[in-house]
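Data first, discussion second: the structure below is written as structure tokens.
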């Protein structure tokens, strides 16, 4: 127990977490600090490219593991399955409409790449290895949850606005394409390619992550402030409970395919985290009646900070105990 | 200079719907449109601003100049896209040069 | 489609005053507005452009669609903010769909 | 509040021509204008979008409020610049506060 | 004397100064070279974050000095006091209205963070140490000058547009929040935190500064060109004299609290430099009748280049003589 | 022959080329991946500044070569001359109007700085030296081609919209000013200046180039898709043949002034590549009747990828044989 607290404490005083806290604080104090939209998008492109490339280069270095396919398959199953659990939970715990519940559920089956990145840098800081191909699993888990949520809606009698355009948009979403593409480039060019561009994608990575999390803190903080009336206590409780349930399933999946300690942590984080980029955009098209203030606040204002601060240390401790790492 | 009457239709809509709207406009026989950025706003669904966006998609303003007799067709096409979504449609009387283009 | 008469008020104002203007509009009972970026301009106070700004704050264009009978209230509220500052206010007749929103 | 009739001229033109257009407007005695960004559009010369631009110059929207009796002069000056190029000119009736500025 | 000239010469041929000169030249030749607004804002966020963090980490490394509070206090007094001197000087030297004079005075009580950064990198280049907490002093000096100027206006019978909103905006201005926040993060995470993100905030710092100064040169140059009629010779003289007066007060303050040679230079630079971000925006709200062409041209087109090129070497020589460093 | 294939293959699996391919693929699949305009412009400013500065510093290190002036002179002649050849070729090979042909011709006399940069990094990867002043030659070759094309039009009886403003705009184009300015700064501050900002302009350079080429791939891909009807087979053939002709002339020029192997490659690349920034903008002003879809697709969608993938290895092999390097 004390090791969790130690871990959480040392996690909390990292520049990354403190940058997020600074953003929250600045938003709460209504400072006019903002990061231009183009710069925020530029940083997220950088992070996706770097994390994808490094994952691919690591796969190239360690050989294509037989587990890669298993992990991707399990990830897809989780992404389809977790929304069903989230939906059931929301119906029990809250008074939200079916449509709002389904929209939220989609977010929890999908993933937050920044939470994944933060977990990776905790692992690096502790010198714990992990499977490079989990980046591919992350990409594979982005989209299925959306289809799952739309199916829930259809089953409940309301029709969502599904069309071919939407499916293509979801599957070829910019962030999926960039992550998978950079992963492929990393795999093809391997360690040699990585060495060429490491001064760009490795050395300054953590610093960029700080500024990006500052921006996320600003947005989460502003969202929380303006969503006060909308997000009730039971909804908040869901936002703290669901990541734990997701992490448990992620851990089970990791054991099933025999991932390392680091890999188990990342699988837990993928399952525990909620999307705040791809899914919200898809929901605005497919489920326009769902209230974006609820799902964005939950995913970005509750679950994201929870995972970032307490979740990751907790999951790591559990993963270490269970995998004996 | 010789001017020709036209209607200026302005549609403020969420960014993820932009291509659906412009497809609908094209199908309704519109010959052109201009897309302009929106950096913030307020309405029934609350206030928002574009700065530092992650996960919020923002809105765009699609402006379309058309011959008055095509207005109804355009509005019906646009409304089918906009109706279930947040957004605002307004129409203004205008005059254009080079009518052969519209 | 059924359209309803409305006024389209466009206010070009310095960016540091944006929140003061939108607060004033909200207090005047406006139900919504859209903020659009401005990248440059010229007027009595000279010419300016937004590129590479450090220390110059630029301007924004706040656009508001309202029921015609609310125009006077809005203009008075807006004018109180704009009056001592540089900026331009213009009003156009418009038609809107979904009048219940305004 | 007291309003004064004016014309609102909107000119969508390719960005490399912006300074030529605003010079022409100044020469035609215009007292001010506002330049607004355009992020995409479609017309006879095809569809385009501004994102990730390298080598494509994009367009801008120059908006000018003027006294009605100056409209013809302005349009002639603008048309001389716009005519051989792609772009669209439209005019709307408007009302302005502070007429002494125009 | 020859050492000043040497110092000035070696200062003048640094990439930083030459980048600024390139911007001035390009603007003067009416080239269409521009740096997109979002990129310029992104660079200024980077610079503030980096300088704040490094200051905080340095305080963490050297222990919280008892002089920290004294220096902040003295900084606040200077920021309140210098506008009074500037205002008096402007009334004697120029024919500006009270309102224009007060608006300009506010700029000279506040500070230019880029001048501070340039001075820091001159110190680094010469291996001269300085107190890390001067970053906090910089933040503390941004705002008081504005209140001072508004008081001058009120005393002269004109009423400025002061409201609670404005005071909050001034104090929680994005650049102050970012500088203070990054300073706090640097203090909390210390040398360890700095080591983690040094490849982002330390190594490329000077290069980013070059591009930022290129942009400042472009803006200063364009401003100078369009302000030809407005800025008269006596106004220009003020823009060259006032930094010298400010620097003298800064030196006095530094001696009073016993700063090191490097610290004395930075205190002189803070006092000598004039704001071009926070104060202009506040003036547009509070003193809309004041002409921005005058105060921006003075601060960005006259005083900033003067400090950057001749001021810093001059102040450093004086600081070395007086502190015996 | 097999060495060309080896070289081409090893060139093709570099992160730089694969990033371009990823962009093409994403555009072809109609993914919504985009890089914000401001970020793309920011990266191009970075690349121009870095390449200019490094060229200047290299000249400072090796002394100002007597050949510098000769190389610049020859570059200007090539930039004036190549459009004449391109124009004649287009009239023979295609059915384009004189105006479209002249507009295209202007692009081929001018240069693509990214192709130049890519060639530089191939040279670096192989440890082959080159003359630093070729950066100045690149800058000198940007503009003359435009005048050449306008002369062609005038001779053919159509009048182009030439005015003093246009000539100034062309000569003081942002990218020329930045390239020449950074070159000058590099020359003045030399190796010492380079050392100061190397962590910004040298180490991360290749990584930035990857993201920039990703963007170029996206734009080229989208252009190709929408230009299907406009660009006929003979036009495509021209886009593949003209770079070979240009490279031949470039090689001749390099031999004439006695450049090194690396220098010869760069001279070939400058002659073989086609502009896609300065010239298109000038053409919109001067030859508005010319169809931009044709010249942009040719330059960005055909010639640029050809040079990037097959051209550079081919030219290098030839340069090595001819110069005996």
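Lettered A, B, C, D, E and F in written order, each chain numbered from 1.
What we mean here is this: a contact is a pair of C-beta atoms (placed from the backbone, for glycine too) under 8 Å apart; a residue touches a chain by one contact, two chains touch by 3 or more.
Just so it is clear, the structure is predicted and the values come from calculations on it, not from any experiment.
The minimal number of chain-to-chain contact steps leading from subunit C to subunit E is 1. Of the two chain pairs examined here, D-F and E-F, the one linked by more C-beta pairs in contact is E-F. Judged by shared residue numbers over all numbers used at their interface, subunit A and subunit F contact each other through mostly different positions, with under half in common.
In terms of their C-alpha centroids, the spacing between subunit D and subunit E amounts to 39 Å. Centroid to centroid, with C-alpha atoms defining each point, subunit A and subunit B lie 34 Å apart. For the pair subunit B and subunit E, the distance between mean C-alpha positions equals 45 Å. Contact of a single residue of subunit A with at least two other chains is seen at positions 34-39, 41-42, 199, 203-204.
Each of the following residues of subunit C touches two or more other chains: 36-37, 92-93. Contact between chains, as defined at the top, is found for A-B, A-E, A-F, B-C, B-D, C-D, C-E, D-F, E-F. Residues 36-39, 41-42, 45-46, 49, 53, 168-169, 172-175, 177-178, 181-182, 184-185, 188-189, 193, 196-197, 199-201, 203-204 of subunit E touch subunit A in their complex.
By the touch criterion given at the top, residues 13-15, 18-19, 22, 25-26, 29-39, 42, 125, 199, 203-208, 210-211, 214 of subunit A touch subunit E in their complex. Of all residues in subunit C, those touching subunit E in their complex are 14, 16-17, 19-20, 45-47, 50-58, 84-86.
By the touch criterion given at the top, residues 12, 36-44, 49, 59, 61, 72, 75-76, 79, 88-93 of subunit D touch subunit B in their complex.
Of all residues in subunit C, those touching subunit B in their complex are 1, 3, 6, 8, 22, 26, 31-37, 60, 65, 92-98, 101.
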